[in-house]
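Common to both upcoming complexes is subunit A, partnered first by subunit B, then by subunit C.
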Partner chain A sequence: MVISPERLRMLEVIMKLSIDNASRALSKTLRTGAKITLSKIYMADFNEATEKMNTDTREMTGIIVNFKGNLGCKMLFMLPLEGSTILTDYYLRQPVGTTKEFNADTESVSQELGNILASHISNTLVSDFNATLLPEPPQVHNDYAGIIFSSLLLEQGIYCDQLLLVETIFEICKTEITCYLFLLPELASLGKLLDAIGERK
Partner chain B sequence: MNDAPNIYTVGVGDAKIARAPNQLKTLLGSCIGIALYDPIAKVGGILHVMLPKKTGNDQKLTKYADPGLPFFIGQIIKNGGASKNTLLAKIFGGAKMFETAGKLINIGEKNEQEVRRILKEEGIKIVAAKTGGTKGYNIALDTTTGNVECRIFGEAICIY
Partner chain C sequence: MKRILVVDDAKVVRMVIKQILTRNGFLVVGEAENGREALEKYKELKPDAVTMDIVMPEIDGIQGLKDILDYDKNAKVVMISAIDQRDALQAALLNGACDFVVKPFEDDRMVSALNSVLAKE
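Presenting the complex of A and B:
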């Protein structure tokens, strides 16, 4: 599938809006600045994308949300394992450093953050694309960055070698946490998404 | 085929071949990583298979154990100068990972069964295997020694 630069630019604007909304909601929840910046939106080759991520062998917490509906997609929010304990402290309004390791609290907070991000991203997409999107409960998984990323892409990689990836850089104020946030429209949705913003090539 | 001394990363559904002193590495979840090594020719390769069998018209053979593995064996012999008689195999991965769509349960187990079947058919001995579990594998093949460094998430490094 070929997406013209103009269509990609339009997608970028819409995605940026949804990510800005999510960023604001997260800042409010954590009561600290959370800045999500759209890094790029691009058609990625499945092998190249996974090869690149396989070089990142950091231990991460990945929060995956599946969206059902006529614009089905997946969201992956991934942060370093130690970052998830810091976010837990922010969320629970306790001094940073209180949570020492990934535990039941950290898992709950990660799920909650996934819910917040998912709902704000989907709200924008729903209003801009007149879509129905139903986020499923977030799944939290600790593993290598490349493994979590591959698990997100695996199903689509079976059917297609090209993926539309929305990649962001996510920074939490006063910390060194840099995270990943990926959005991956399903194959069937990608066509509808492109139809919604104009003619497909 | 890579000749400069380096570490090369293999993506999902892909394969790479390298000669000593290069290293090849990859991360595996439900996929199976097959490290082939010829200790005489000092050449090795990693194939990262996603699925047991090819069903559609997909041109990317290395995604599948069948026909990707026979193709990969052919490549390491033809382009790497390995001999089928001296090729050794080590297999890793095949974990039961978390579901992202509900359809991929036990794909790791099926991948492993198919890989073992093909290697047996090709007459290539499996000299080491570490498969299953629910966590990801980080493996690196040293083409000088044929050793594979394997680290399962949250566990200590093991050499195979």
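Presenting the complex of A and C:
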């Protein structure tokens, strides 16, 4: 599937709106400023994308959410392990530093933050663009960044050798956590989003 | 003191809801992780009201709501979910939910939803 620059620009606007909504929901959940910014949206070769990520050997917490509905999509929210302990403290309204290591609470907070992000992204797409999209329960993985990213792409790679990747940078107020949010819409269902905003080819 | 069953697959959400309810004079008598456990705990504990998430593994919150109302047509269930979509709201209300609170929520919103539902007894 070839996506023209015009279509990519439209998708960028759509994704920015849904990410803004998720950003607000996250700030409210953590009761601190959380800002998610769309960094880039682009077509990537499946093999190149996995090779690039495989060189990233940082240990991360990854939350993968599959969506069901007429717009197939996957989401990966990934942050350094120490970042997930800081978010646990914010979520539980306790001083930062209280949670020392990844534990059952950290896993549960990661799961819930994935749920909040995925739900609010899908809420915008559903209300503004006539999609049907419901998140499934999030899966939490602790592993190297490359391995988590590969597991996100694995199923997608079976069907196509190209991906539309939406990359974001994620900053939490008063901390230096850099998190990543990847959205991976299925190419086959992208046309439905574009139809909803008027461009038909 | 009104007795509440809290249903959510995330342990920390159940913990936070329990803290808010306890601070506001409710008694959380039980917790469940999905719709199947919710029905079991409902039968066992007979709570005055239930808070129910929607997206959960095994049996989701909409099915959990239906199952509880099949068992007890007078059950009072308040849905609490980050899903803010017309279809989900419609499914919840048509299947007998008393209210729908969207996450993230202010403490007062959940407390007033439960107070209002329980006042209708």
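Here is the rule we use: the second predicted complex is superposed on the first by the 191 of 201 C-alpha atoms of A that agree within 3 Å, B and C clash if a C-alpha of one lies under 4 Å from a C-alpha of the other, contacts with A are read in each partner's own complex, and residues count from 1 in each chain.
Definition applied: a contact is a pair of C-beta atoms (placed from the backbone, for glycine too) under 8 Å apart; a residue touches a chain by one contact, two chains touch by 3 or more.
Computed from a predicted structure; not experimentally measured.
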item	value
Which superposed partner A:I116 touches (first subunit B, second subunit C, both, neither)	second
First, second, both or neither for A:E6, with subunit B first and subunit C second	neither
Contacts of A:L152 with subunit B and subunit C, given as first, second, both or neither	first
First (subunit B), second (subunit C), both or neither touched by A:N54	first
Partner chain(s) touched by A:P137 [first = subunit B, second = subunit C, both, neither]	second
Contact residues of subunit A, present in both the subunit B and the subunit C interface	none
Complex contact set, residues of subunit B against subunit A	9-14, 25-31, 50-51, 58, 60, 63, 97-101, 103-104, 135-136, 138, 153-154
Subunit A partner contacts - residues on subunit C that touch it in the complex	9-13, 15-16, 55-57, 81-88, 103-104
Residues of subunit A defined as touching subunit B within the complex	46-52, 54-55, 57, 59, 64, 66, 74, 139, 141-144, 146-148, 150-155, 157-158, 161
Interface residues, subunit A side, partner subunit C - complex	25, 28-29, 88, 91-92, 104-105, 108-109, 111-112, 115-116, 119-120, 122-123, 126-127, 132, 134-137
